[in-house]
Amino acid sequence: MTTRIAVAGASGYAGGELLRHLLAHPEVEIGALTGASNAGTALGSLQPHLVPLADRVLEPTDLDTLSGHDVVFLALPHGQSGAIAAQLGDDVVVIDCGADFRLADPAAWAQFYGGEHAGTWPYGLPELPGQRALLAGATRIAVPGCYPTVSTLTLAPAVAAGLVEPDVTVVAASGTSGAGKAAKAHLLGSEIMGNASAYGVGGSHRHTPEITQNLSRLVDGTVKVSFTPLLVPMPRGILATCTAPLAAPLSADDAYAAYREAYADEPFVHVLPQGQWPQTKSVIGSNAVHVQVTVDEAAGKLVAVGAVDNLAKGTAGAAVQCMNLALGLPEGLGLTTIGLAP
Amino acid sequence: MTTRIAVAGASGYAGGELLRHLLAHPEVEIGALTGASNAGTALGSLQPHLVPLADRVLEPTDLDTLSGHDVVFLALPHGQSGAIAAQLGDDVVVIDCGADFRLADPAAWAQFYGGEHAGTWPYGLPELPGQRALLAGATRIAVPGCYPTVSTLTLAPAVAAGLVEPDVTVVAASGTSGAGKAAKAHLLGSEIMGNASAYGVGGSHRHTPEITQNLSRLVDGTVKVSFTPLLVPMPRGILATCTAPLAAPLSADDAYAAYREAYADEPFVHVLPQGQWPQTKSVIGSNAVHVQVTVDEAAGKLVAVGAVDNLAKGTAGAAVQCMNLALGLPEGLGLTTIGLAP
Amino acid sequence: MTTRIAVAGASGYAGGELLRHLLAHPEVEIGALTGASNAGTALGSLQPHLVPLADRVLEPTDLDTLSGHDVVFLALPHGQSGAIAAQLGDDVVVIDCGADFRLADPAAWAQFYGGEHAGTWPYGLPELPGQRALLAGATRIAVPGCYPTVSTLTLAPAVAAGLVEPDVTVVAASGTSGAGKAAKAHLLGSEIMGNASAYGVGGSHRHTPEITQNLSRLVDGTVKVSFTPLLVPMPRGILATCTAPLAAPLSADDAYAAYREAYADEPFVHVLPQGQWPQTKSVIGSNAVHVQVTVDEAAGKLVAVGAVDNLAKGTAGAAVQCMNLALGLPEGLGLTTIGLAP
Amino acid sequence: MTTRIAVAGASGYAGGELLRHLLAHPEVEIGALTGASNAGTALGSLQPHLVPLADRVLEPTDLDTLSGHDVVFLALPHGQSGAIAAQLGDDVVVIDCGADFRLADPAAWAQFYGGEHAGTWPYGLPELPGQRALLAGATRIAVPGCYPTVSTLTLAPAVAAGLVEPDVTVVAASGTSGAGKAAKAHLLGSEIMGNASAYGVGGSHRHTPEITQNLSRLVDGTVKVSFTPLLVPMPRGILATCTAPLAAPLSADDAYAAYREAYADEPFVHVLPQGQWPQTKSVIGSNAVHVQVTVDEAAGKLVAVGAVDNLAKGTAGAAVQCMNLALGLPEGLGLTTIGLAP
């Protein structure tokens, strides 16, 4: 039986990528598509790459529009998801691509986002230990942030196995689509092309507490996380370089073996052949995360690198993966590990 | 029943894109993959985006390897297809992504490619009048060049209807993957990024006679074609700007109506809403061609613009479309009109 | 004696490039810098590449601020230059980088810009026949548009010598900085990278009448101009591909000789060695225009290609060149023909 | 009196950038230009952006060609500089842009480069404590590597003042020109655009021991350096993100003050206003390094970010700065702190 879905926020990058994924999903029917200022506009002028939906007109983001669907995806600015979800029945699966329900700690929410903490929903990273079971049958799911997805998956095997001190440094180079489609001068093509820059330095980026939360779940205590995001001139993709002090002497081979074992059964985490390092291009459009690890003996560090498409496995692909789990469908239905390159 | 396919030249860009398409095709089984200097190498190190084929090892491009398949795709440098095809039985469908069998005129072949003319196979552009029928059941098909595909489809309605003089000017801005994966200094990222350049100026590009051949089929006589290709800093996509003198006064609305009518039944040619102009990003990874047209009254010209992904509808997508027609499968099986954006 | 200059509109791309040029000019002292919404802001946060001016604070664009300078450069949205210039004395050299005073024909102004025609100032393209003399000692100068600069210089030798019919087709691929620094969603890096698009198709771009005006000065009558601008993923540079029907049979060698002769004495127009085609990267940051020409015998066309940096020779470099002429300084003072590559 | 210079290796990126700088230097005359396989070729076809030298023909890299100059710049693959320098008289200033004479430790040389250690020349980073004096009057100078330049300058104030543990993590995102102009498939534009990747991970990059050497000079002992270079899609520029554990509690303000003080008198190190983070675009074409620093209290880390143009201050600009010091000219002669943006 076909699942009827709605997408709230269909004119942005996350919304468009959700639709690209859902159009490829064999078990869904695309229902209402909503927008804020774009309500009333045909999708063809906003997302011209989605030809089959070119004539669909955006509706307002309200209960009338969103009710009557089996699954509602929210791709909205943070702060808006709670009110909408409260209106939708408990039998509706609500999958939030925003940040509202990711953090368990109200203090962290207050510090990084401000305002009242909306609450916590099951966290949509099935690759975390024990997490897949929590998503089966869930009707409310918080899709992880893009940086936390790749940072967590790149570090988890080392952290969980105690190979490194709970004190990690993540420098993540991101494409620009993570910053959204709202017009901002510093995101103009003229500014971005030929340019690499750092932002949110010193632990101020909002994804920092989410990475901390994920990694700390893996150990007894809190993992210290130094997180620096970079903006580099590409539209999609994140490359996360993760460095941590070795807890004890460790060979590169043993580090590699630990990663291979940790992800042996994960369909979407691909540990590359030893010696081959991730590149974002290999995962563009795909739900795969590519990971590699080694040891720097002279520096006493484990270094792991991960690549993800921030809009796919980093957002929309994860959302579909979560929907599949919530509905009891095969986890990978409609998803791919094949990237678009070159 | 599953169709068993082989790809000769699986390590290049066309080969990789063929595999990306074929992995998404529900009716094929991927058999032998071959390479020249890369024979013996695992595909995972050459095409790391094709995760499901990462462990497949390239074999030599020879009869032993290629025999026993229902369909053989050739993605080889020109000049090599004829000898291979001659060895494969007439019951094997051979689809050549190279230039060897595209040109009907031996003199044009000699002038632009040199050496002996291999012959002419059914030309794999089903959108040309009458061409679809020729591809049904064909066992030898020549996939069109990327520039000819978009140039022909962007101009065909105007030329065929006699809206313009048979004297067209095409300036086509292309991404770099059309130039292939062989290492050349002028194609280095350092040279390409931030740079636009012209090449093959003055009618010397090898796709010129192919465009001429296609357009001349539509009229009684020869269409003069001025073709200038540009290299612009993007990996994929071609944007063709096509200008021709009006044959008689014509309104923009009438020009548009002619294009809509011409392509009303074509699944992969998408005439955009009037006033919306094509961009390559909308067709990346897709088999769609986006087209728009208008009239410049002051200059007395019809101006039409088309966008294509040179590797998809411009090569591998067209090849799969042709395979579907040859085998009697639904023409669009395994193909998409959805692009990857942003 | 040092010339004291002011720049109105110092926070935009044209303003920033003017300052980059003026900082390299040995005979000027940089006085007032003005902005609109950015008045009161330190330049260091707006133009961080201009380190020597980092602590300079923008002032409002008004008479108080701009008076007391020998030369005032205007880098403002069109429609604002006239009122400011009227307030400045006739002894002040006013150089307008905007469009207000470029077009001689009020009807063309009304059609393409709307509103009242401000008038016509000496046109700052000294390479046009007879134009250099008009700029010597001028106190009001209209700097040409970026597309008209490269289109005109790429076609002028052929048009002036009657080598081609007065019926030209220009397709010009531009970087994004020509669209300015105002935040617009379609100019976001996420939209621009990996994307080529056409805009202003069908003769509707505002630079069309300016190209027509320039080329028509060279002949007895009006030159028909079909002009299509493209946006390609690079921050700077324009590559103009110019095609025109041959007026009579012509060899490529003769076309080339005509270009070499036409520009033999021009310091900033560089006709490349025969067979070498322009690329925008060679002229980035420089005041040079690179040009090449050939003949397509089969198509009966002359094809010429030109490259310019839209912000340098296309705007700020031309402005400085004009200032030098106006003040009787050596024409190339503070300017360079050396590009920044790779 | 004019200084007569030669450039060995004028066809590569470092050589081209040396010439771009030297053409802007008021006190030098450009003598012999040499190449290896490109000897006999006009520079105009190899470096078309250097218009004033377009007709200069490359000569072979040998003693005959290089003798008779006051200064010889070597921009050669490593391993070649020693033999050439040995032939040039002690009165000739030889400035090596390669790696041969940078490392003091033969064991480090053997481990990272292999073969015999050529020796050690004065290290051309005048911003290191005491180093400027060693360069005055020197006749042999080793120009630092690009990564070591920015990494060292970004960390030096913190390391030298003991603000951090001697245990640093550097992740440096680089443009592609640092990889040179030799044709390699993984550096093709098609591979690079839209792609971020890591390489030389785990301490294996050749610049690692150079960074270690520089930072260890500032303390009593050895600084542990974890260095990971990234390749990101831009032609020029390096952004180095440097993280180190705080040695003791430290405020962001105090860290900033330490940086400002450390670089108060350095003409080419620009500590940005507090809160403004470096971007590579601001330093393209310039000899400036932009630096910013903060403290991440939760993670217990100092985080500093630096930006440099790998070809300018990272290579050719540094070489000219060193030449100025060697010859007793003003240190900044012919150099600029102004970048080319956008």
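Order of writing sets the chain letters: A, B, C and D. Residues in each chain are counted from 1.
We adopt the following convention: a residue touches a chain if its C-beta (ideal position, glycine included) is under 8 Å from a C-beta of that chain, and two chains touch if they have at least 3 such contacts.
Which protein is which chain? UniProt says A, B, C, D = N-acetyl-gamma-glutamyl-phosphate reductase.
A quick note: this is a predicted structure, and the numbers were derived from the prediction, not measured.
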| item | value |
| --- | --- |
| Partner chains that chain B and chain D have in common | A, C |
| Chain pair repeating B-D, as identified from B-C, A-C or A-B when over half of the contact pairs by residue number coincide | A-C |
| Most widely separated chain from chain C, with each centre as the mean of CA atoms | A |
| More contacts between chains, A-C or C-D | C-D |
| Rounded Å distance, chain C centre to chain D centre (Cα mean) | 35 |
| Between chain C and chain A, distance of the C-alpha-averaged centres to the nearest whole Å | 45 |
| Touching two or more other chains - residues of chain A | 13, 175, 177, 181, 188, 190-191, 193-194, 233-236, 279, 281, 284, 342 |
| Interfacial residue positions of chain A with respect to chain C in the complex | 13, 175-177, 179, 181-185, 187-194, 233-235 |
| For the chain A and chain B complex, residues of the former touching the latter | 13, 16, 20, 23-24, 42, 44-45, 47-52, 54, 177, 181, 193-194, 235-236, 270, 272-273, 276, 279, 281-286, 288, 290, 336-342 |
| Residue ranges of chain B in contact with chain C within the complex | 167, 169, 171, 173, 175, 190-191, 193-199, 201-203, 208, 224-228, 230, 232-237, 239, 241, 243, 245, 252, 277-281, 284, 292, 294-301, 303, 305, 307, 342 |
